[in-house]
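The same chain A turns up in both complexes below, where it pairs with chain B and then with chain C.
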Partner chain A sequence: MFPTPIAKTSRTWQLTYQTLLPVAMVLWLLPLLAVMWFSIKPGADFTTGNYWGRPSSFEGFANYFLVFTGSDMPRYLWNSVMITVPTVAGAVALSCMTGFALGVYRFKGNLLIFFMFVAGNFVPFQILMVPVRDLTLDMGLYDTRIGLVLFHIAFQTGFCTLFMRNFIRALPRELIEAARVEGVSEWRIFWYVVLPLMRPAIAALAVLIFTFIWNDYFWAVVLTQSPESQPVTAGITSFNAQYRAMYHLMSAGSIVAAIPPVAMFFAMQKHFIAGLTLGAVK
Partner chain B sequence: MRSIFTTGAAALAAATILSGSAFAESHAALSGDLVIFSDMSNPAPRAVMEGMVERFGEMHPDLNIELTIIDREAYKTQIRNFLQANPPDVANWYAGNRMLPYVEAGLFTDISDLWEEGGLTETLASTQASMTIGDGIYGVPYTYYQWGVYYREDIFEELGLEAPETWDEEIANCQAIIDSGRFCYTIGTKFLWTAGGWFDYLNMRTNGYDFHMALTNGEIPWTDDRVRATFANWQQLIDMGAFLENHQTYSWQEALPFMVNGEAAAYLMGNFAVAPMREAGLTDDQIGFYQFPQIDPSIEMAEDAPTDTFHIPSGANNVEAARAFLLFVTSAENQTLINGGDGLGQLPVNSQSSVDDDEFLNAGFEMLSQNSPGGIAQFFDRDAPAEMAQVAMQGFQTFMVDPSSLDSVLDRLEQARQRFY
Partner chain C sequence: MTMTAMPETEIAAPPRRFRQQAIAPWLFLLPGLLFFSVYVIVPIFQSFQISFYDWNGLDRPDGTSTAVYVGLENYRDLWDDPDFWTSLRNNAIWLVLYLLAIPGGLFIALFLNQTVTGIRLYKSLFFFPFVISQVVVGLVFTWFYDPTFGMINELLGLVGLGPVNILGDTRYATYGIIAAGLWPQTAYCMILYLTGLNAVDPEQIEAARLDGAKGPKMLWYVVLPQLRPATFIAFVVTVIGALRSFDLISIMTDGGPGFYSTSVLAFYMWDVALSEFGFRMGYGSAIAVILFLIMLIYIAGFLWKMYRDEKGV
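Up next, the complex of A and B:
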């Protein structure tokens, strides 16, 4: 078996592993630890040059309290929810249907349409920046949450369709054919036969898309600019005021913004890993 | 809030009655739409802008005000487009050469008659020059802040030094500070603009405001001997070891600790530096402010004071309402209100406004309204075109790190000048 389980290796190798693992982990987490450390420091520490030393006073509660009460952070968090949840629902719903259509029916151009969905994933989204921004501006959707939601749904559906179509392909075809023989309408086959079987895929995809969209920074900056519509990832930059950066509040804000996807990951760990490996082995 | 608003309205009404019946008539009947594009997108300025619109709207209930706030950086590129394609009635911008391209393209309206009628030529005298291009005045300012030297008063006292007024005093002071094991000046040039501030002051003190404006306007070669004189003064300080070591690795904020911890004695900076210094525990007794010292006594003192402005695009539809809004913005009451500590925390442009009770704001207000006869510059990266400013400030940094590179730096700047203007 590869890799050999650590328990079966020699003692020296086990010791090396046991000492190197924490070192690698700390190294890996260092930026995150620094952000956590900064988030409990008073702002003055950054002006006195005390970056890494003991905080001159413990301001953890004050900073986090200020993030929630003294800034637009609650609003940004709410925007993130109002952008992420509809996007997840929309992209998953659409891709269930496209996946069903492409996975079950044989028609001319099936493969072509499928390839177009896949190809969309290979378009670097940076080159879409200007046209998409102009489009939302012309449609009156610039700087609105709905504009961001619509774009995310459109862009994520490509990946979701690939995922769903392959999942549906792997379902036993006999189930669908049996239902057809019984005279069940196609719509009811989708709703009562296929959809229940897709539950694990839906859960995995929902978790995956949730983290994608919550962590999106690029489109948040391109398509929105006011506290009425910006999600939390972009909103954090408001601690970077016109003249100076509030490092301590920015750090506290970042931690707060990172909590939902991390919590999501731990709560739905099973689905998350299933989502990443689904279809990897048949 | 309410009482300030009513007095403001009353004063504005009085001012308009004084300024002639024709204007008063149009003022009374403001209606239709007033479209405002603003770049005041950071939280505090945004609240100020929204507050102004709200108060102006209360004064003119028949007027429908549409305010669009655009991200401050994005605005800089969008303005080129919207002034031509989709002009608002009022737009934010900056004073000085920064508005020159739009004035030359005929996109901003000359409002010198409004300045005359509204008495702005008196109340806004300190910024009139920076709003003037040729014979026209192309907008109104709404806020500005001073630059100058912020220094550690306690260190100066310890060494028996006084704030310098001449270059000789400056050099003597600096030598004493260096002898005590400190740097005279902290500076972080990682993002370049801080070096631009030093060049502004040295050049304005060595060659004067008009020369500085001509230079940033591309009319004078960078290889000119007068420019070299400016750099010679700069080099004098660099060779002494006046500036913080490795300054190219710090941002302006990261250079602050050296002053706070007493390793450097002073900082040439804008007034926004005071807030973090206070937060870091320096008291107002420890922080002092002085005007950048004189170098050539025959040259009038001029200052950097970046000024933010409102303009009426030439494509504006509701000019009457736009003019009334500009008068409202610059009125003494509104100026006092929006530049106060819970607003922008900067200097009001109207000389009849009151300044927040703050040592440094008061010092700056006095300096700019009384002790800057040469003129008010906007800061290097606003006075010079963006491409030129980028190359030039890069050159300043190179020069500060290695003064022997002066010739190649000036050659590069001169090439850039020929390319960009």
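Up next, the complex of A and C:
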């Protein structure tokens, strides 16, 4: 193990390390802790200049309550859910199939199609912006959640295909060969043999895509503009305009907007990291 | 799917099986390929085409486009556009400084690669900035930098410095935004290296230790070579992240202060194409094409490496 395990080092270094850990963590999360601190203060503290001192009263509940009752925040959150969940389902479903096709079959153009998915997943969003916005307008889906969902599904299919194909590649081929010898049809091999084995990959992808899409901002501002369809990343700007200079509320709003992917991460940590670090180990 | 409905007859089995194996991949690919082509592949070519037009994004009442063909004029205009060069220069700064996330992530990973109680929680908390949306990261850092109440000035005040208005000063603003971006990016690199360190061969480490290697030497000659896959991915995601930087700029400075002093190509394109002063789709597309071509260098490199790995297997 590298570096040397702490248990094998001197007593002084052990103690230093144990104290260094929490200090480093607080420093690392300082900007975030500051916002949390703001979000429990009363608004009056900001007008009197008491930014960092003890809150003159604890207003945490009141502030967060107001975020949910005094603004469009619940609607933005709901839009985010209604954009993120269908995207996850769609992208995972499509990429299970494309990954299966590219991972199992040998045919002309296999690698070419695979590389096309991989390359497409890396392009800058701006090269797609004008045509995609135009297409969405033409379909009458501008400023709708479904318009955003369709694009996200398509774009995420690139990354998901890369992921799924490599995962399926690593499965034992004998399983598929054996099923073929038994005369099982290709669709049934996919459904009954391969898909059950892909559960960990599906879980990993689902949490990753959830986070990516929940946090998307660029496409939200390009394809939507009203509170009826805007997700929380775009909505927070209007929220902040509504509560201009009311830092206790803006802080609480930011924290509310950040919580769902954070909760997802902590709940599904193992899958999340497995997905993210795919390829980091040979 | 209709395939399952096919009757299975014993005698005709072999040829049908072959045919099925030839058709099946295309049926599986069809929906994904269709979506991906319509929303990703075709738009890339359309953007190239639009970049040769002068277009405000509108159609005439009869449905025809108002675009006017102007050839390479958009590109010529870019050449004389100081804001374009500012953006390009900022892109270069982003690209270089963003790479600090890699050594930064490695450093934190080495710091956290221990087995003491609660270390799992520490690792999660260090990683946590990556999970938050860049919009929130941008807001958090905007307040962190605020000249009147930001914590950074509070801290500077303790040592008798400041106050500085980081985001309001053209000299510092871009660096302030990059620092905010490095926060989640370093966390990302950290998790890649932590996973990599987990897979480092302990026997090699022990052998090297017996040979007297330790500290930086051990890191450089024994550990880092084994971390190469992690370093490669960290490099790819960091470069892509740097060239995609948009959210933070939009939230923290909206391209300002002044005229596009913190803009990058991704932001400038968006602002030109969808600004309040009228849509310039053709000009925006020309910027997007330039950004795409820059990115293409990295994409080609990535595909080339993948191709070699595929052939190597």
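Note that the second predicted complex is superposed on the first by the 268 of 282 C-alpha atoms of A that agree within 3 Å, B and C clash if a C-alpha of one lies under 4 Å from a C-alpha of the other, contacts with A are read in each partner's own complex, and residues count from 1 in each chain.
The rule is simple: a residue touches a chain if its C-beta (ideal position, glycine included) is under 8 Å from a C-beta of that chain, and two chains touch if they have at least 3 such contacts.
The shown structure was predicted, so the numbers you read here are calculated from the model rather than taken from an experiment.
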Counting residues of chain A touched by each partner, does chain B or chain C come out ahead? C
Could you tell me if A:Asp72 is touching chain B, chain C, both of them or neither one (first, second, both, neither)? first
Would you check which partner chain A:Phe151 touches, where first means chain B only, second means chain C only, and both and neither mean what they say? second
Contacts for A:Phe163 in the overlay, against chain B (first) and chain C (second): which applies, first, second, both or neither? neither
Can A:Phe210 be said to touch chain B (first), chain C (second), both, or neither? neither
Just chain B (first), just chain C (second), both, or neither: which does A:Ser238 touch? first
Just chain B (first), just chain C (second), both, or neither: which does A:Thr47 touch? first
Given the touch rule stated above, what does A:Ser226 touch, chain B (first), chain C (second), both, or neither? first
Chain A residues contacting chain B in one complex and chain C in the other 46, 49
Sort out for me which residues of chain A touch chain C in the complex. 1-7, 17-18, 21, 24-25, 28-32, 34-35, 38, 46, 49, 51-52, 94-95, 97-98, 100-102, 104-105, 107, 110-111, 113, 115-120, 122-132, 134-135, 150-151, 153-155, 157-158, 161, 180, 183, 185-188, 190, 211, 214-215, 217-218, 221-222, 233, 236-237, 240, 247, 250-251, 254-255, 257-258, 261-262, 264-266, 269, 273, 276-277, 279-282
Contacting residues of chain C [partner chain A, same complex]: 1, 3-4, 6, 8, 13, 17, 20-22, 24-26, 28-29, 31-33, 35-36, 38-44, 46-47, 50, 57, 110-111, 113-116, 119, 122, 124-129, 131-136, 139-141, 143-144, 149, 151, 154, 183, 188, 191-193, 195-200, 202, 205, 214, 218-219, 222-223, 229-230, 233, 240, 243-244, 246-247, 250-251, 265-266, 269-270, 273-274, 281, 284-285, 287-289, 291-292, 295, 298-299, 302-303, 306-307, 310
What does chain B use to touch chain A in their complex? 41-45, 69-72, 74, 253, 256-258, 260-261, 270, 272, 275-277, 279-281
Which part of chain A faces chain B closely enough to touch in the complex? 43-44, 46-50, 71-72, 225-227, 238, 241-245
